[in-house]
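Pasting the structures here.
The following pair of complexes shares a single chain, chain A, combined with chain B in the former and chain C in the latter.
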Partner chain A sequence: MTDMARILRRRRRADAAFAVLGALLVVLCLGVLAVLVVDLVRDALPRLGPEFLDSFPSRRPEQAGIKSALVGTTLVMLVTATVALPLGIAAGIYLEEYARKNWLTGAIEINIANLAGVPSIVWGLMALGLLVYQLGFGRNILTAGITLGLLVLPVVIVATRESVRAIPQGLREGSYACGATRWQTVSRLVLPGSLSGILTGSIIALSRAIGETAPLITIGALTYIAFLPPSPVTSAPPFVSLAWLESEFTVLPIQLFNWVSRPDPRFLSNAAAAGVVLLAVTLGMNTLAIFLRYRLRKRYSA
Partner chain B sequence: MSEATAALAARPAAARKLRRSRTSGARRKLADRLAQAVLFVAAAFCILITVGIVGTLVYESLGFFAHVSLVEFLTGTEWMPLFSEPRFGILPLVAGTVTVTFVALCVAIPVGTTCAIWLSEFASPRLREVVKPLLELLSAVPTVVFGYFALLIVTPALQVLMPDLPGFNMLGPGLVIGLMTVPYVASLGEDAMRAVPMALREGAYAMGATRLQVALRVVYPAALSGISAAYVLTFSRALGETMVVAVAAGMQANLTFDPREPAATITAFIVQVSLGDLPHASLGYQSIFVAGLTLLLMTLAFNVAGYVLRKRFREVY
Partner chain C sequence: MTDPSPAADVAVPRPARVPSAPPPARAVPALGRVPVKDEVRPADGRVKAEVEELTFAYGAGGPVLKGISMPIPEHAITALIGPSGCGKSTFLRCFNRMHDLYPGVRYGGEIRLHPDGLDLLDPGVDPILLRLRINMVFQKPNPFPKSIFENVAFGPRLRGLAARGELEAEVESALRSAALWEEVKDRLREPATRLSGGQQQRLCIARALAAHPEIILFDEPTSALDPLATAKIEELMEELRAKVTIILVTHNMQQAARVSDFTAFMYLGELIEHAPTPTIFLNPSSELTQQYVTGRFG
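What follows is the complex of A and B.
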């Protein structure tokens, strides 16, 4: 009987030890991240200010800024969203609402799963070999936006499928019973109902695209860009211009990489400041997505 | 029917209405078909992307292998593609990639699995609701920022413990990639474990098992299929990680498995070549596509192995 008591006591001790260990590891992970971020902000402080956002890169570290990188990131994301969102949402709806179970559907599904696992640098090689040289798109904002758009396409597709699947089957059947066609059901019932879920997935996809560096390095995103692309809005009719698509560019992560890989340590606080801005943008977008998802779940469960 | 037609003929307004509703029905059907076609094209486009990726890599690699023998490529121990007498042995790059990945997995798998078990079996639901999104935020940090951490914070910290550690090394980036991939293991592993039916746990508790025993001997084995999917994803991420190693591991190909040394990975080599200005269709240009193809094949091989393992361990309830 005392043996049994001893075994039980040992087991309970192991149990309690693991509870502590797990909590410690979780706190450690989050703590390390916090320390890293605090350190980054501390390195960035001397440079962080309004003129850093509003200056072009420069050979003099104390005058350099991220104006062209901010504009570049915004314009590239415009193209990325234009590519990834319509394609991804359409593909997701097809697979969930229309596709029959046959070999072609199976092939498309395996394909999407595999695309999600392709290393990002390989996307860059595809962009260089196919878009830049075979199709002659050039090393510009258009190529960069398309590359990142295709890269995050699986994220948008998966998010669309999940939120479309969450619409109760009974609603669709009700719509069919009223005589609606499949497209009417999809466009007036399924799509509006799953819109906020799709939005959440799209925000996460774009935040991932903003942080991607490697695929843009291979297409030769220049790092010293002391000018802005032509403005998308013009004063003369037709008031919109697409000349910016052809422009050379730089983006935030590339600018950061450029500064961090310079031998001159004075550029490091610029790198840190660019890192703080990049981190603020991506973490902000992800927090927004988490918040939206939380509100969404509350609405469905209520 | 003819009776109805006759009735309609007597009432021209009703007939017009019916005709209109028939044409609008036809239009709706057309819109339906059109929408289906457009949506199908979007889905099928995904296959085209894969063809584009694989086609580009294979096409450029064929040009490469017209000049370099496959045997030299696979067995050569020197990688100096940009020298006047270039050497194309992929082994040093593979060694660098494997070493960094190994260091990363040594962190990510034990830490991530422990976090996953703790979140799923030990943490209270309210705590889990707070901690899991925070962990997922960790995976939202851009990798180039993690590169900054590896070069300027983690490596200097390691140098305090190991004074001989060079500024560029594989240990710092490996540890950082490990930390970066912990959330994948923790989050996906926790999803898999929570999908295990409650009855299995209750059965084990009824036999007098402790939480730890339930977690390790019942839940973990039952969820192994999903957990191994998380491991495979983590492995792919570590293998293909580019910016952390490009910033912090050095750019020189170096045939070594010692993580304290600097070495280039496959991805870092591609970045290094891309930063220079290499003429199109030169051997050096083609070499980055060969490197990319090697990386893709390594990723694919591991994914297939993971798939086979998952099928073998799958438990059906």
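What follows is the complex of A and C.
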């Protein structure tokens, strides 16, 4: 009896020790993050303001802004989403719902997992060789968007597959038992049910793409852009223009990188401010992901 | 598929028509197949389906069904009973070719669907068309994560029915037939997942009825339900018999005794005995059937 009590006491102690250790580590992680963010914001404060968002880069640090970079990032992300989401979601659904399970799909599966781990600079080299030199797409927004789209494609595919796989097989059988075709089952049950997971994964993938620098430098994004791409909306019919796709561009992380590498220390403040904006955009996208997941879960609660 | 909870098997309000068990015996006797007798054919001879030498195998494995032949009488409840692994669910899922969803399955023999004499297992028969005629209710209630209305409208919508009024009429009639209308008529827009387990299962029955099937396959429909919900489903099946032919797989012998008109006892992939339900339970021809229905094994 006393033996049992002693053993139990020891087990309880180990339990408590782990709880304390875990709490300490959490505080440590959050503390480091907080210090970094606070430091960044403090450096950024003198420059943060509406005119910083609305100014082109300049040789004079106090007049420089991120207007072209912000527009560039938005447009590149638009292309990235257009490339990665339809392809990735369709591929994920095909692999889960349609493809027969054999050695070929097994090989494809492994390769997708591998692609997700390919360093982004390699994607940049691929884009430079294939898109810029072979296909002659030019060093523009289209090429950048396609590059980042391919970069995050595996992430979207994996996210789609996981959320599609989470749909209970009983629901599929119920649908087939009513005489549904595969597409009817996918479009009426599988897609709505997995939408929250797919959207969350897609937004996380895009927020990874938004911070990518290396592949865009490789394909030749400019660091000094003092103009905006042509507007996608025009006053003459057909009122939309795709000319912006062929425009030269810069994006937030490249602008940031450029300012950091300047010898004039006053540019560091600009870099910090651009960093804060980038952080805010990413945070905003992740918040949107959480919000969407919450809304859709409520609507399609299983 | 999980095994049914023991509670669903024992805690039943109504007395069972099962004779008291003779002294326990350990050994299971050798298979003795009893030829199908004419008494399983209804007096008016109306047969909904005729199973002929049906065999079935999953992938590389050996046969799971080893030559089953039996008629399915029209507008009656045919119960399939037998111990776990005897192939009764596998047999049931041949009727709507549910196995086709998975790779590498092999059918043999034929199942003729009357009155047109269509062989369900003919590779030329589109399983999707087939499932419009033969619907299914599953062991675990599987309402779709949609509203109550949309669950029932699922089948009609698949067939292309879109007019609001027609859909509403279909949904109401199916819910009435499934004895669920009074409980849900004021909350058709609510998610189906908010219903209780028994209501969910009746919703699944309504969903099946809305497709106007000729046969409904019930795969252990009450094994996840409490005794009261079970009693409601059983009552419902007895009413539905007037409209559709029912094939019921059940793990619960007393349920077969209570609701079915004909009972088929299966063992290790073979049909051992098929007879009117009272005969199976009170006067079976096969010793194996006798031992199973009296609870000596299984």
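As a convention for this text, the second predicted complex is superposed on the first by the 265 of 302 C-alpha atoms of A that agree within 3 Å, B and C clash if a C-alpha of one lies under 4 Å from a C-alpha of the other, contacts with A are read in each partner's own complex, and residues count from 1 in each chain.
In the analysis below, contacts are C-beta pairs under 8 Å (C-beta built on N, C-alpha and C of every residue); 3 or more make two chains touch, one makes a residue touch a chain.
None of the values given here were measured: they were computed from a predicted structure.
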Based on the superposed arrangement, let me know which partner A:101 touches: chain B (first), chain C (second), both, or neither? second
Touching partner for A:184 - first (chain B), second (chain C), both, neither: both
Quick one: is A:136 in contact with chain B, with chain C, with both, or with neither? Answer first, second, both or neither. neither
Chain A residues where the chain B and chain C footprints coincide 181, 184
Which positions of chain A touch chain C when the two form their complex? 100-101, 168, 170-181, 184, 188-189, 192-193, 300-302
Touching chain A in the complex: which residues of chain B? 28-29, 31-32, 35-36, 38-40, 42-47, 49-50, 52-53, 55-57, 59-60, 111, 114-115, 117-119, 122-123, 131, 133-138, 140-145, 147-149, 151-153, 179, 182-183, 186, 210-213, 215, 233, 236, 239-243, 246-247, 267, 270-271, 274-275, 277, 280, 288-289, 292, 295-296, 299-300, 303
Which of the residues in chain A end up touching chain B in this complex? 11-12, 14-15, 18-19, 21-23, 25-26, 29-30, 32-33, 36, 39-40, 43, 86-87, 90-91, 93-95, 98-99, 104, 107-108, 111-112, 114-115, 117-126, 128-130, 133-134, 150, 153, 157, 181-184, 186-187, 204, 207-208, 210-214, 217-218, 220, 253, 256-257, 260-261, 268, 271-272, 275, 278-279, 282-283, 285-287, 290
Interface with chain A, chain C side, in the complex: residues 96, 98, 101, 103, 128-132, 135-136, 138, 140, 142, 144-146, 154-155, 158-159, 191, 193, 204, 207-208, 211
